[in-house]
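Next come two complexes built around chain A: one with chain B, the other with chain C.
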Partner chain A sequence: MGETVMRRKGLYRSVAFLAIAGLIAGACGGDDDSAPADTPSEEAEAPADEPAEEPAVEAGDVAEGDVDTAIEEEESTVAYGGSISVGLEAEATGLRPWEDTCSSPCYNMMISVFDKLIEMDVNGNYVPYLAESLTSNEDFTVWTMTLRGDVTFHNGVELTAQSIADMFPIQQAGAAGSSAIAAANLVSVEATGDLEVTYTLSEGGSAFPATLSRAPVGFVFEPAAAAADSEGFSMAPVGTGPFVIDSRDLDNETTFVRNDSYWATDPDGNALPYLDSISFRPIPDEGTRLDALLSGTVNAMQTLRQGTIRDARNARDEDGADITLYEFQGNNVGGGMYNVLVPPFDDVRVRRALTHMNSQEQVIEALGGTGISLPGTQWFSPDSPWWSEKVAEAWPKFDFEGGVAILTEYVNDPERSDGKAVGESIDVELSCPPDPTLIASMQVVEQLYTASGLVNVTMTNYDQQTHIGIALGGENGFVGNHQQHCWRWSSDDDPSVNLTPALAPPTAEIAEAIGLPGVVSPLNFSNWFSPTAFQAAVAATKTDDFATRYGLYESIMLEFADQVPVYYSGHTATAIGTESNVLGLNSWHVPSGELGIGFPNAEGRWAEVFISS
Partner chain B sequence: MASIWLFLVFFGAIYAKIDTGLLGGSLPLQNPNFQTNGFDPATSTFGSGEPIAGVSTAHWLGTDAIARDTFARIVHGGWVSLVVVVVSAGCGIIIGGFLGSLVGFVRGRTETIVMASVDVILAFPALVLLLALVSIFEVRNLFVISAVIGVLSIPAYTRVARANSLAVSSREFVTAARAIGTKPSRILFREVIPNVLPTLLAYAMVAAAFVVVVEGSLSFLGLSVQLPTATWGNMINQARRDIKINVAQVIWPSLALSITVLSLNQVGDFFQQRREVRGSNL
Partner chain C sequence: MGKVIAGRLVRLIATLLAVTFLTFSMTALLPGDPVNAILGVDSVRDPEVVAKIRADLGLDDPFLIRYVNWLGNTVTGDLGQSYITDQEVISTISQRLPVTAQLAFMAIIMALILAIPIGVLGAYKQGKWQDSTTSAGVQVALSVPNFIVGIFLIWLFSVQLGWLPASNWNRISNDGLIENLKTAILPASALAMTQMAIFSRLVRSDMIATLQENYILAARSKGLSNRFILLRHALRPSSLSLMTIIGINFGALLGGTVIIETLFAIPGIGFRLINAINQRDIIVIQGITVFIATAYVVINTVVDLLYAVIDPRIRRA
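Then we have the complex of A and B:
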């Protein structure tokens, strides 16, 4: 028993550490650096028996207005040769996986030059990529990976298990790598054979394959080249990927050329990649980037803005632009939170009432996402295997009269928590960053609240950094100074990555009250704490049984629907637009021959992209 | 033409303020914050207004992203510009004008200290300093914004007033006043300041154009008055997202801003020319 308690406390502390480390990423919209979510499997190379596929298909099928582009085998005949240029929303912060915090634009570049150890297939399973297999012991503390043989880095060095082991100290010292390693509780990486690598974790985590599918730990780089010149590596990265760096002109253009000795082939055995070269050009302005595609200045472009998706659709459908849009609806969902430690939001009646009075449809329209962004009811999009219809039904829908009735009950309660006189309106400070779309959406909410006659709304806008700082509340014990605060929730990573820290004790007082003194999660921004939800989140990291995990996360989401510490607008839509003769983005494969996940978060896999004749 | 435009903006702003402030929106100008597609609790239905709509008889300049009347918002937006201009000119003329006139008249160490301080403040990029000051305030209402811009206007007025005060203080009538033993304070208020004031008023027109742009910049950056108050800057900011769908929603407030700035410059130039003529006649 004592041993169990010790282990749990250790886990809680690791949660707190993860929370602090993750702050840099910025929970408010900082979900670019995230991986698709799914159940990790004890044997990643054998996902056949997983129940993950069934819920995934069901969820997608029942979702109304699903706008994702289908992942399907390409029917056109592939062709070798040619070059394409891709417009990105920003320059990569760097091309060192262990050091540079990578977001969507950066991933497009990195994925061209580095391979991942683990990838995600079309069904949402984590499957081996540069690895050949990945297995764990019973308590998920030791993971054994076998690498693919006959793989060489771009500089001719052979990939071995020692390469992976040598990467580890570099990753530990890196800004991005150190936090990812800490979050995964990874303590050692050893070469236990020529191609066998053993990962040891201080606390078992069933979601560890997710760690091997993302940049800091999962992207394979040549350790000797990285150690020799860390700064220079960003300009001349060396990986095992389909393309080799050719030139890098910062803020202008980075060009990669075909890796003639690339190990992967398409399902027909044809060598990859198909393209001779690929260039990436940062074009920060959304309109300019779309215009660049429409004018042929670039052959493809990415966007993470629904307004741009709308404009691209208009260009295609109304102006006849010869482009293809590959759209993706991720788990990341907009919305906000109520600070439950601040009256009147400490009363669930107020939270429920405000949520009932908030029209998702109107808000999504104001965000420019009608027909593009699906309304959110939970931390998972309808295409996610974690999506729950039960939660979707339980989520408080727009019901203005119902909301007014609940709020009236609170307002007329002599014991109301905000200390105001009976019958007085509640005060709500609604705050969003000063983005035009968010400004429009908050004015819609303000109009609805004001129409009730029971709410005095003050709207504020602060820059993103201040906005996060207000919610963080470092100066007041992480209570924060926010009330109703715009925020983004979830990511396409394993649910544990975002949910566990968001459910941990938000303040020292609460932590002490539940017998975990000193364990505080700054990432519990709404300050809502439920022992049952937190226990469920912790339990979900202790099993790899999808059905069990699904049930645990569903129970958490149902508690969210009941207690409403957060609210949602729509899921984040992303897209890659290409000229219509640029094909293959939605039909790349993992080594087993299964189709890959596609283009989540506007991150393309460019090895199987080709120019159709 | 410039005067007519400024009169229209001034009249429109006052009219809009009276309408919303005193008459509860009974005059024939739409509520600038009313979302025509919004929820009506009385009928439990959403309105049928079209967001980002074009010009129509119902909405002379169309509607914005949340279906509010753009014409009404432009008219109301003029009020913010008007208040900021008046307050900044008031602060500048009263405080800056007095300070400049005083140091230009008394000279000596007082002048050195005051003008050194003025130079230090003017050495900062105005917009950057303004952003820093505005960011300090958690609540950004019209009073705060006007006060901050007004305070930052003082150094420029001080410099203009001091230059004119130097010139006026060396004129014959001031020398004569000193010679007959008039008290310095009386000379300052009766001889110097009245002769500095016309120049300051002419300068105020030109400075007003700058202030309108500054307020527009703050609004564009989301740092001016709080929502849902309409300002030309926040209208431009909010409409830019839909520029590919309806560019007019960016153009209308931009035009209002541009024509107002141009008009203020024109009127300011006119007054300055008149002032030069009058000065040369002295």
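Then we have the complex of A and C:
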């Protein structure tokens, strides 16, 4: 094993050191950008074709989630024309893919004006979109992409391979693009033909297609316009997408109108998009956003809050509101971490005990998600091809008495790591951002812990940016002073995107001790390090065989279940609600004619949305 | 009069200095490194970029040096540029100020329309059931937070009746006055409720005092109608303190619409301030806070001066 580690040292260094993007995004905020990924190779194959057995048991506890809107062909006759407005949970910071960190609201806007090179189909495969094909060499270090022909940007400039090559220096200099490029180990982008682009990676990565499917690198913008006026581009973005910017009134309304020369068609050959225009309105208050939909102020709205999904369901089912809810149970799972370098969390008994004492069912109820969100046992939801029944069974579930017994053992251990006297309660600082539902869930946990008589709980709340900064721990070598810290894990991207940096050595000392000096990942927020887990994470980026990758990620999740560096409070259900005559959100297609992934993370694709007559 | 103005201006400058110092101190005391907030994950990636941003923000300088530099720029109208959106703070404010000012103005007008009759009625019918009823109503209006009023108004006029939009803002320049008013009336009403309560109590108490003046008795003895006495002889002298409080509250509303603007998704100064706080956009937070504080202090000073102009006794004092 030592030999293996040495042989792969360079590989580890680059992965851990460079592949640092994205996690924060998906982490605390839950809905940020970051490149997804999945099985790559020749034209991205399908994990869903592989094992992905029907889960025999529900994930986690006894609470049951029921969030799933089928992705299926629309049976209504499509109609052209009309305008809709969509209520978003926030304003997009900017519309420059290379510069502005893009979260779920922003994606709804960006995907209207920019096309992705690669998209995800209904089975979770990465498939060509603006690209026509994408292939790699054997070790995944060189990727060759062929673009579609006869595509023009909104300003009339033709899309060529040189456009993609010219985007690269802009992306490298951008705040969002640079980290994604580093994470992908992308070192050069060259036009090797009129429509042929060659990507070269310093370390092969089988999940590279994922990078081409998300904002910083995957969205195609007109490089000359971007270079000419970066700030202005944010207000007047130029892409190849289905809609063209019409007006942008920050914090109020951004309107896009139909791109009459859009290249894509529906499977019947009808030109897209169907709508004449679409506008997006930031409405941060969840209640107002739902009321805006119910009152017809907007025609659609997104939510990433289970409480709002509950209220929308009630409005539909009990009050007869004429709305449709497109619900999605994603891999993103709430919960948190234990800082394993801070006593008493350095003792797995404490982590395990606290996890046993934490009732996900009650926390989900406090979050308003009963019947909506599934309890978590791993970084994948039961409908994900990566979900493992074995892990679900192994995860320490709610067992209050069992947790108390384990904690009692620690408390009575004369060698206990926190240095307290035998029999003394442990101290736990539980910290979450000051969101009312998170505070409610903290209170549930605090009551459970306190009821054991073995835990002194201190609850703290800092704004989200400070919360993230505390977990980063830049002031003390990225160890952080956090203890039990609310966080979000995972996304619907390829598992490598979030897992690899989260498993790399968290400190210089640990890296040194295992023979990987300098390989430090500040994004290992729990500071838990396992050579086997890290090795598995890296190995998973070196193959495109789904079964092999599945086994590797399953082994990592099993280690999580055993060592419990993180805990869960339920998967993050999201939804897009529409007036019932607004159709097509769950039936958009990739160019091959296959159905697309739908609306994960409340990110809609609006080109095939239409207003039913 | 010149002495009065000079005195007020000295106080104004001293107050503004204190306000700017407090604003700067408070944002400087916020926990966490602003560079983390600006760069997020990039803050651990590129030390050179981090160093440049720290230098740009002057974060490596001593606190007082930073304050003096920032104050120097602020005095010349340079409130800086948002690191998140790249937008100049001054242009952010100038784009949003008309929205917030319109809301505040409408709220004041709507409040006055209700408050004056209620206050006059309460004073004229002092101690009677009309007074008790209006006082109780005013007390309720004063007690209910304006965001609760806002939620209720959305539920009633948007969701149930479908008369008015629940959120966002139609600009006069794009959509015309009527469409603009449709989006303004609910948030302005929510803001007006508390103002109405304050104004009507003030009018009532001032009117009660005025109605006991000898010249009112003289007017009554001349056989003038109650309406004439109330509106011509009693209301005008009772309006002096009302004018003062209107000015003060208008200034307060410029910075006090944060919750209502957020609730209704109105693109005013308050909404931008909340976004800046969430994004930890310190330059914008400082700029908007100082602007709001300055507006408040300036309006108060102007009201003070007008008061002195209107009432010679104050001028002499």
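Simple rule for what comes next: the second predicted complex is superposed on the first by the 557 of 613 C-alpha atoms of A that agree within 3 Å, B and C clash if a C-alpha of one lies under 4 Å from a C-alpha of the other, contacts with A are read in each partner's own complex, and residues count from 1 in each chain.
Methods note: contacts are C-beta pairs under 8 Å (C-beta built on N, C-alpha and C of every residue); 3 or more make two chains touch, one makes a residue touch a chain.
Please read these numbers as outputs of a predicted model, since none were measured by experiment.
**Student:** Touch test for A:170: chain B only (first), chain C only (second), both, or neither?
**Tutor:** neither
**Student:** Tell me the contact category for A:295 with respect to chain B and chain C: first, second, both or neither.
**Tutor:** second
**Student:** What is the contact status of A:178 with respect to chain B (first) and chain C (second): first, second, both, or neither?
**Tutor:** It touches chain C, and chain B stays clear.
**Student:** Once the structures are superposed on A, label A:234 by its partner contacts, choosing first (chain B), second (chain C), both or neither.
**Tutor:** second
**Student:** What is the contact status of A:109 with respect to chain B (first) and chain C (second): first, second, both, or neither?
**Tutor:** A:109: touches no partner chain.
**Student:** With both complexes superposed on chain A, which partner does A:461 reach: first (chain B), second (chain C), both or neither?
**Tutor:** first
**Student:** Give one of first, second, both or neither to describe whether A:443 is in contact with chain B, with chain C, with both, or with none.
**Tutor:** first
**Student:** Determine, for the superposed model, which of the two partners chain B and chain C contacts more residues of chain A.
**Tutor:** In the superposed model, C touches more residues of chain A.
**Student:** Name the contact category of A:434: first (chain B only), second (chain C only), both, or neither.
**Tutor:** In the superposed model, A:434 contacts chain B only, not chain C.
**Student:** Contacts for A:287 in the overlay, against chain B (first) and chain C (second): which applies, first, second, both or neither?
**Tutor:** A:287 contacts both chain B and chain C.
**Student:** Between chain B and chain C, which residues of chain A are contacted by each of them?
**Tutor:** In chain A, positions 287, 466 sit in both the chain B and chain C interfaces.
**Student:** Provide the residue numbers of chain C that touch chain A in the complex, in ascending order.
**Tutor:** Within the complex, chain C touches chain A at residues 30-33, 36-37, 39-46, 84-87, 95-96, 151, 154-155, 158-159, 162, 165-169, 171, 174, 262-267, 271-272, 274-275, 277-280.
**Student:** Provide the residue numbers of chain B that touch chain A in the complex, in ascending order.
**Tutor:** Counting only chain B, the residues touching chain A are 33, 35, 37-41, 44, 46, 51, 64-66, 135, 138, 221-223, 226-228, 234, 237-245.
**Student:** For chain A, which residues count as touching chain B in their complex?
**Tutor:** For chain A paired with chain B, touching residues are 287, 307, 310-311, 314, 359, 362, 365-366, 368, 400-401, 404, 434, 436-437, 439-440, 442-444, 446-448, 451-453, 458-461, 466.
**Student:** Quick one: which bits of chain A touch chain C in the complex? Just the residue numbers, please.
**Tutor:** 20-25, 87, 90-91, 93-94, 101, 175, 178-179, 182, 230-231, 234, 247, 249-253, 281-285, 287-289, 291-292, 294-298, 462-466, 468-470, 472, 474, 478, 522-523
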